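Each chain gets a letter, A, B, C and D, in the order it is written, and its residues are counted from 1.
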């Protein structure tokens, strides 16, 4: 069990919310790949906090410092490492949490696993802040994949009971992808987006939080990537998704909706189009038998409501082993979904680059 | 990408639907564990075909032949291997499929991945038949886990639009587990089960198939198992689940339903009970931050409708690269869900045993 | 710690000396590779026992039964598995060894590791017999590598104090490789070989055994295979070598002799030859910084004298925890070196195929 | 193939000789282990350059900056990461090497592997400087192992033709270990050490370099650690050893000398001593069948003469593809052996900690 992951590329994410620095090491990037730092920083800003009333007030510059693996803007084949120094930390806010675990946070299971030695300040290694180095690694993967004709794009599929439109399963245009990636609130239908934002602010004003979901499309993956049984591309993507804090469900294509369908409705007929084998529909979401079909890969993940809420909650004192009420101070996102959109893209990008045959290695 | 999996235990599943034999090798079972073959065969019969009108007419004895790793009924520390010889195969039925891929089967992506060399007879390595060796490995894992106080139990949560009751998230009794594991059609509510069986037979009579879902509870896992980020117990379980053919979605606890909740509704308050830390509710499904909380682990998986249907379908000729219609012969389950129940248990058992600290190694 | 190994290909060796069968599963062979069974059986016969007075009298047919992964003589992309059924076993000979560990065998450490549950009959999983499935896997790797222009050839470099000539570090001819692979006693210099055989028979007649060493050349590996630090091709080959029972040392190129040299003597100057970069000498043995240079890879392994000797030895009773003398019955090779030659080739082949970028996966 | 390694602990070493920083991430240190930074810095100083006339004049402070994984001097269970910032770099010296590879360095194979994009300054990722982060990881492993009763100690076994005494195979005293670890030139016999130093200085004065070897003893490893075949503790240690630049051979116990012995000479008889099973001799070097015997583990590694020498050498121009002579400027150790002693200890410590059952995970 580890924070290190992958086969063709090994991604090691390190750091705690309030440690000296957080960062990532990636062993296995192909040599000779351009790393556009400005583009990477734009990508990172999409998950950075502190930009609007819906996200935590903690403000981090989140500028990655590349330590190695890149020479003159190009990967050199040696492991890549980058860090973000932690600056704006207010550890005092968390002093009380050492003994009283926050409900639905990792505090209690981490306390057991690490025998009481875990870093509780700001959630330690379990902080959502660790998605920043994940986005550094994933952001570079996205740049490499784009050069191989693979685009990854996610959007807010729902917040509470408000749903966005869904991607067309047969594929979306470059223009749609560009538009979405530049939106502050990444929805296809802005009217629905406005409703979502209202619901988030209402939850916030009530000291509460709200859940939602994210849809992600991966276009341009050639047919034949992945493998049977435990080597499936769906399995690999799901590990990446569950690696993102707060994800509670992952589905591909029609996902759980397929359970209500007949085979005659769900099967995707093959056709020849422009000399290529394609499917007329894409209920499968681009993966069959663990292997990519060449159609767009569609996945949808459930994001739970932020566990940190201002409302007083029931908990326990681990030292006294008695019930105790808890009021969480600190700064928290009332809904993690908007900031999680690029994180889902990053996690998907890591899984896809890892699954591609890497002729550079 | 591989059919070999695990960290503390390495499970390698091999075989094709119509090869000489199918089987499994497991490296890493702790030494000194009793292997109850009669119990294992009872478990395997739960997934074996040919027992009722709802499943494929192919009849395989499915009796595992243990080759090594067990001496006098006890694991000896050396790798375990067992095979099932293939006997009742009718390769002729599939002769036509070499060129015309079955919609929503792995035929086409496997054709691309293996450059046309894959074994197409009966789905080859992608056949549901490969879940038999998975159940051999998982069946032994279940026996080992039971001795460590861990019980795993699954049931048919839905078929089409008919839903079974759900497990009580705070845990089910030994008696309920025993009853479910002995039912021919593993539902909690038999009236709903009867309705499901009608729907399956109706689909069959129309040459069609139908999807469904399975819920699985894992009780007795101590708090502290798993890890952050990509090392999560949820991620590990999801790989195991997506390793089961036809699974299209995996969710833990409330899963996708959590997206509609407020934090105040979804958070599980801690309480002290009998000197132990427990949660009052279990929306999280027993996992927080990738680590077990000590509460029951609840997962729910979507199973797509069987891809093989008797109704004529559109496909293509891969040699001629032109459209072609296809009628699938052969014997197929109109709904894979009932037989997948023990497979889900087996896959979960492998993931859990792999995640436990193995003091025997 | 496991009997499963590899990155691009996963090799799982299973079985005990006296279990129902021994065998191997290989996940990851490229699809579309011809498997010449007759050639494989010829290769296996080179390590098979029972052919001459120098090897154990145990006679096994050692004919592999391929279970899956090959269709019409060609790999199909699915995992390969093959077994050899154990027939000529005389477990009675080993009855006494359960309590009294044989000196310099794995008996005692395996007893501790497996808490007394290990299979002691014939050495169980630690028997030299397990090199047969290793040779099945390696034999197919050799066939695949040959099609990629890579040849692997080993010979007996020494037995006791008698040394064979060494390979020319800049490469050997096809003819030399062919000759060596067909020799019953694989030495370059037959006169030295005759002397070695005398020494082996003398050791045998005295109830004793004798050690030796094997040199292996790997030709045709392109430059650029391997990696820095723990990802070195030398490290990968050394794990494969130490995976062969009785190996106690591994060296590349000049190996330990390089410790006595000056840099000016040991460095290999580069030259251009026929438009390619080559080295004038090959003290490095074809690997620099963990990466192949394109020159032949030369490795040399030390094989200890067979631990099983007829002479009475000092040991202990594990149950009584008191000193006990031991006389080993059973049939044993007085020198394992001759039969280990193809095993070293097989192990090297697995490591090399695993290290090559596998564009088929 | 990667710079990331291990099973229970994952060690990722990153950085190039002249990159912003070099460092290491270790995922899997048990939580609750004290990290004595002063002790770690003492250990690092043993490999640091610039302290005497025998080593490179490059002077680096080599003070590690711990980024995360340690809270109040104790591991917290989250990944550990530390970096050393590169300060005293003179890239100019290497400008010429981009096109003309240094003989017996990784320059040429790295050029091929990384398609010309590798960082050539100072050897890039292949620089001996990368052993500094290896020593950070290994230095902490040593501290953890010591608390489990395991001591690791290495010394210079030979330089050129001058040999030090060897460790007593049945074990060395605490006092001997302490004395050796504090010596500036780590030999048992100081008279031999003086002779070695003379030979090193003579090689240096002639613009040349010289090889040598290092012996390492690992005491206190309980019996039963490791595994059969590719899971051997000897295999794991050998990968760690070949992970150290310039290592060309690894042997355990008698190593290559065992090839000249009879079984009756080489076998280690068992005896009961103080209620424990021990061996009277330790030719095996503490490992049988890949598993520790409980006796001291003895390993011996060959270190080649430093490839960088001042004498003019033959090489080629990779751009012009023609022969070219080369004179290497820059600062280099005439003999890497003395500084490699703690590196061997560090590498061994990583392999041993990784092999131990980690009940904390």
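Heads up, the rule we're going with is that a residue touches a chain if its C-beta (ideal position, glycine included) is under 8 Å from a C-beta of that chain, and two chains touch if they have at least 3 such contacts.
Keep in mind it's a predicted model, so treat the numbers as computed, not measured.
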When each step joins two chains that touch, the fewest steps from chain B to chain D total 1
Comparing C-D with A-D, the busier interface by C-beta pairs is C-D
Maximum distance between Cα centroids and chain B occurs for chain D
Per the C-alpha centroid definition, the whole-Å distance linking chain A and chain C comes out as 46
Chain centres from averaged Cα atoms put chain A and chain D apart, in whole Å, by 38
Whole-angstrom distance, CA centroid of chain C to CA centroid of chain D, is 27
Each of the following residues of chain B touches two or more other chains, namely 1-4, 7, 13, 78, 110, 113, 125, 227-228, 361
In the complex, the residues of chain D that touch chain A are 1-4, 10, 12-16, 19-23, 25, 27-28, 31-32, 65-69, 71, 74-81, 83, 110, 113-119, 124-125, 360-361
Chain B residues touching chain A in their complex are 1-5, 7, 11, 13, 101, 103-106, 108-110, 112-113, 125-126, 130, 134, 158-161, 203, 208-213, 222-236, 238-243, 245, 247-256, 258-272, 275, 277, 279-280, 283-285, 287-294, 302-309, 311, 313-316, 318, 321-323, 355
Touching chain B in the complex, chain D uses residues 7, 78, 227-228, 357-359, 361
